[in-house]
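I'd like to ask some things about the structure below.
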Amino acid sequence: MIEIALKAVLILLYATFVGFMFMGIIRIVTARIHRRVGPPIYQPILDTIKLLSKKSNITHGLIYDFGIIYALGATILALMFIPLGSISILRAYGDLILITFLLEIPMLGIMFAAMSSGNPWAGLGSQRALLTLLAIQVPLGFAIVALAEFYGTFSTYQIVMAQQTAGWSITYLPLLLAAVAYDLVLQAMFGKEPFDIMIAPGEISLGPMVEFGGKHMGILQIQHAIALFAETLFFSNIFLGGAVVTAFASPILNTLASLGILLIKQIAVLLIAIFIGAIFPRFTIDQAARFYWKWPTIIAATGAILAAL
Amino acid sequence: MVDWRLFEPLFEFARKRSLWIVSFCTGCGGIEMPPLMTSRYDLERFGMMPNPAPRMADLFLITGYVTPKTLKRIIITYELQPDPKYVMAHGSCPLNGGVYWDAYNAIKHIDKYIPVDVIIAGCMPRPEAVMDGINKIMEMIENGTADSWKRYKENYEWYKKNQDELFGEGWREREARRWIPWLMERKKGEE
Amino acid sequence: MINELMIIIFTPLIAGVIAWLLDIKGLREGISVIGAAIPLAYLIQAYHTLASQSSIQYSVVISGFKFEFLLYQISWIFAMIAGVVGFAAILGMVSTAKDSYEWLFALMSLTGVYGVFLADDLVSFFIFWEIMTFASFMMVLKYNKKASLKYFLLSVAGAYSMLLAIGMLYAKVGALDFTTIQQVLYQDAMRGVLGTNTLFSRNEILLIFGLFLVAFGVKAGTFPLHVWAPDAYSETNQSYTAMFSGVLSKAGVYGMLVIYILLGTRLVYQFGRIGAAPKFGYVIAFLGGITIIVGGLLAALQEDIRKLFAYSSISQIGYILVGIGVGSALSIEAAIYHAISHALFKGLFFLIVATIVLRTGKTEFKDMGGLAEKMPITFAMAFVAILSLAGIPPLVGFASKWLIFEAVIHENMPILGGMIFFGSAIGFVYLIRFTYAVWFGQRPTELDDTKDAPVPLAIAMGILALLNVVFGIAPGLVAGELNKIFGKEIIQGTIWELNLGFGRYNGLFITVWLVIGIVIAGIIYFLGAKVRRVPVTDTYQAGNPVTMEYNLTIRRNYFLPLKETLAFWLRISFDRLYQDIGKWVEDLAETLRHYIYNGNVQAYAWYLAIILIILALWGV
Amino acid sequence: MADGEKEGGGMTMKEQAIVDRILKKAPYAEGNVRRERRIEFKVPMERIRDFLTLLKENGFELMLQITPVDWPKDEEIELIYQIWSITHGVHTMVRTRIPRDLEKAKIPTIKDIYPAAETYERDAHDFFGIYFEGNWKMEMPWILDDTEQDVYPLRKDFDMLQYVKKKYKILDRFDENKDNYVI
């Protein structure tokens, strides 16, 4: 019991910290691409502290608060199910479908909170976010189907284990296709260009986020950090072979090593998203839907069918 | 509740190093913002970032002349921001009317209507000047003299009196209702 | 001794008739609720009987026809659905029903649906099917003639096709009870395997299957026979719709299962399998998949609450059909599980809609808004229902959906997998549209004095919401019952856990960790400075002041971009197609009437005789 | 016409032809050629609608803007309708004069002839107090705020300085004759 609690706290702290570092990396790399100096890497932490330490906060009612809390809670829940090296708690229950759903739930909480504020831009942003979700769901679904059918299991941990012996997923053609589609989907999950339609700054002034300030926004920053960590972790687990190091004698070293390997893979996933995001303008929502329903869907469906054969 | 006074220096540092700007470009100063944000003078070094939504913004830049119509929006937007919040005015127009000193439709003293922490002289101040002003406001936040939001709370009656003298009593409700008759009978004229 | 099955089936009808004859306000409600409660009590008591013996049988001979009734595991589960949701719906009708007419037919349809689930021979099956259809038709007729006619025509088409199929079966088999038919067809399949010539030719069995498919597809609202559902579901007493959509549509699902029970082996022999799934099931599954997508997309584009949920229930039925179609034991269990959860959350939804319509008197999204403060209880119920339908763990909607996902994907069916993924997303979409337009945003001034749900409705909603939560956190409860159908542990695991070997879902852990996460988030939240409550007009709209008089919440055409994206597909409408066919048939009928349907009774008798002779000849 | 020949050397033949054609149809107007691609007409205010309809029929499609000019001495406001002809590539200015005091400063709208005129008419009404009869959006708030609603600040007799002092309560900021002011 104590051990589980300890693990949970460690995972949570690690995920939050690395997530914030990821946010900082995103800002720095984007700045470098713009030939700017960019903020220090710990900038997101400063932002969060600042937001949480605001002296006055507003609320639009119970749902407005609960939606935010629910979003963070659901993100923590999702994090617990994803295998993190050898120290994850509920990895035995880390079911592909379950995690895919759990990674979408926080958005629902944010939508509820945003809509309860009654701001038309929040409504517009939620509409765009939902249509983006609708658009990405098809390739995402096919990618998951491809994985499940290739490995014959839904357990993420077993998939990771299988990759330790049989090599990474992306070395097989069907899963390579699935990975490509999933990576395009990840672009929209991170909310980066060209699919940052839901939070179009200057167009609908951050959409769902428009009414959040002070500690609400601070909690959302933490949630975003953990979500970044979780999504990249999920991708590197199912497609990039995860990390289960057993080379060293002491379990501590093994854990650290596997965490390090995972970190490298996660950053690789993140950098792709940043590069794509930094050089593309924004789609309109129907363009995004048409795009996702065309190429990624075809790629992922091909992958799924090949995996099923 | 936890006693947070212990952490106050950390909070001040965070506030100083992550000023989010509400991008409400009123006048010609708006065009001085892009060079500040982009690769020449990169404001993001100081953790500053333009931010469309005032709810999460700290620093309100009033860039250039202000008309009564704009001032209404500025006041409403300013009151949406959570405390602590800071205001920085660019150029001589908000200070004293500047070249619009005798224009019937430009505000002469911005600080009669909302409190201002830093005013940058010049018409229009160059980016360097704006950066200087930003440094100024940063050290003011550090030594706690950037207290315009407190002043606005304390002297709210005075500010409200000035606003009402300029716009007339109940201007918020009037402004909100202004277009409604025309929105309702929009169809009327287009037979 | 009068058998308990008879009590279960006929108590609602009797209660309805009494309520209709007495027609005393207060008394009739009481009688009807009792009439709905008694069968439920008997069913719960029958649970213990089923534990000891495998089934409860009853047969009565009326004028040579032998009516047989059988209560075994599947029919018990479906009857429980009917019992619980029907009881909740009747309880809701206490607040919404206007006169005794509605009581009569609501309870009559309950009788019909009980009869359908308990029938063990095709005659009684058909008779109760028609009672059910007739009663629901009368319920719709009272509110809207056109919708009821559309419903009636399609139901009649379904009924005739079912009658024809039954006739063909009878002509060959010579018996009508399920067991005999099942055995005969099984032997027929065996005969085919051995190579001797079979009783039914390929085309005959295909025809029978097609006719049954039409008959049950109409009731279940399968694409492309779904056109009656939106109008019929929306144009009646909304509390009754809880039963209409929650239970009566399940009769169609049950019918699909009956196809499996009766024709399964024969069809599998005749048409073989695709991968693991039988080919004929694949047809059902694909119809189901298309139903999911079409129903969902149309639901997202509706402007009327009742229509939105009508389409959404079509879409959810699609899931069940997919599960049934895939045809592995697991997928059928998943389908029945989803039938249960769909009955629960959709019944809850329609009760919520009933409350809203009752309290506001409005049905269109454009007149709604900001009701969350005015109707907190109803909103809490809606919250549960939304999470459940959207498939958010730990609620029953997720457990059943998860089972369907696993079952379908495990059978290597990528396309169906993609379809149901899309369906789960579209669920989010139309639910959020409902949430936003009805509960949040600026409130129209005429809704300022809206009251919360009346007590009976609140109780009814409470029952369903509770079950939504319980069956989600403890999915093992349902899974245990489902395993009894096949008599073996298809879904292992404890009461909290579903374990399929290739995937596990544990409702309890998810609940616990969700609570832990929410607690952590709550701590962070409460460490921050206090919050100040601001009105809905105090929002940032480019600094413009806002007044309640001009409503800025987006209500009409919320998903316009989706409409634009799908513009091409939305031009295709089966409803219009059927209407054109209808017109054409009318003109034909005009000409026919002068010559054939000349209103002479003897002539009709002759036609009937001829038809029977033809059938007999066919049989020989 | 004459100077047109002088400098243009027949460069303005096209413009002259257009002017003659218009004037033949509209004898009440007087018109001349300013230079190539520029022609102008003077029209009495009561015939303005007929004349603009005529122009529109003769290939002057595009309404550029309406410029009011205030002439306090001769108690008149001059309205200059600037219309561009895409077919001829000619820019015409139709001048008309209306009395300047507020009751009589009225002229029929040309919104139905040139829809773009609606905006410019509202503009002229806001700043000069000219009422365009038939434009139903006259009363609709436009650029100016409620406080400036009927002071018509662009009229020549509008005392800007007094108004500014009164409005912004800054009486001692500069002396009356603006030779030296304190900032």
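We call the chains A, B, C and D, going by the order they appear; numbering starts again at 1 in every chain.
In this text, contacts are C-beta pairs under 8 Å (C-beta built on N, C-alpha and C of every residue); 3 or more make two chains touch, one makes a residue touch a chain.
Fair warning: this is a prediction, and the values are worked out from it, not measured in the lab.
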item	value
Separation of chain B from chain A in steps, with touching chains one step apart	1
Chain centroid nearest the full-protein CA centroid	A
Top chain pair, ranked by number of contacting C-beta pairs	A-C
Cα-centroid distance, chain A relative to chain C, in whole angstrom	36
Length of the line joining the C-alpha centres of chain B and chain D, rounded to whole Å	38
Computed distance of Cα centres, chain C from chain B, in Å	57
Rounded Å distance between chain C and chain D, as computed from the means of their C-alpha atoms	70
Contacts with 2+ other chains: residues of chain C	527, 538, 540, 542
Chain A: positions in contact with at least two other chains	53-58, 205, 210-211, 214
Multi-chain contact residues (two or more partners), chain B	53-55
Full enumeration of touching chain pairs	A-B, A-C, B-C, B-D
Residues of chain A that touch chain B when the two form their complex	27, 31, 34-40, 43, 46-47, 49-51, 53-58, 201-202, 205-206, 209-214, 217
Chain C residues within the chain B interface of the complex	527, 538, 540, 542-547, 549-550
For the chain A and chain C complex, residues of the former touching the latter	8, 12, 52-61, 63, 65, 68-77, 80, 90, 92-93, 95-98, 101-102, 104-105, 108, 111-112, 115-121, 123-124, 126-128, 130-131, 133-134, 137-138, 140-142, 144-146, 148-149, 152-155, 205, 210-211, 214-215, 218-219, 222, 284-286, 289-290, 297, 300-301, 304-305, 307-308
Chain B-touching residues of chain D, taken from the complex the two chains share	136-137, 140-141, 144-148, 151, 153, 160-161, 163-164, 167-170, 173-174, 178, 181, 183
Contact footprint of chain A on chain C as seen in their complex	370, 372-373, 390-393, 398, 402, 405-406, 409-410, 412-415, 417-418, 420-422, 424-426, 428-429, 432, 435-436, 439-442, 502-506, 509-510, 513-522, 524-525, 527-534, 536, 538-542, 552-554, 558-559, 561-562, 564-565
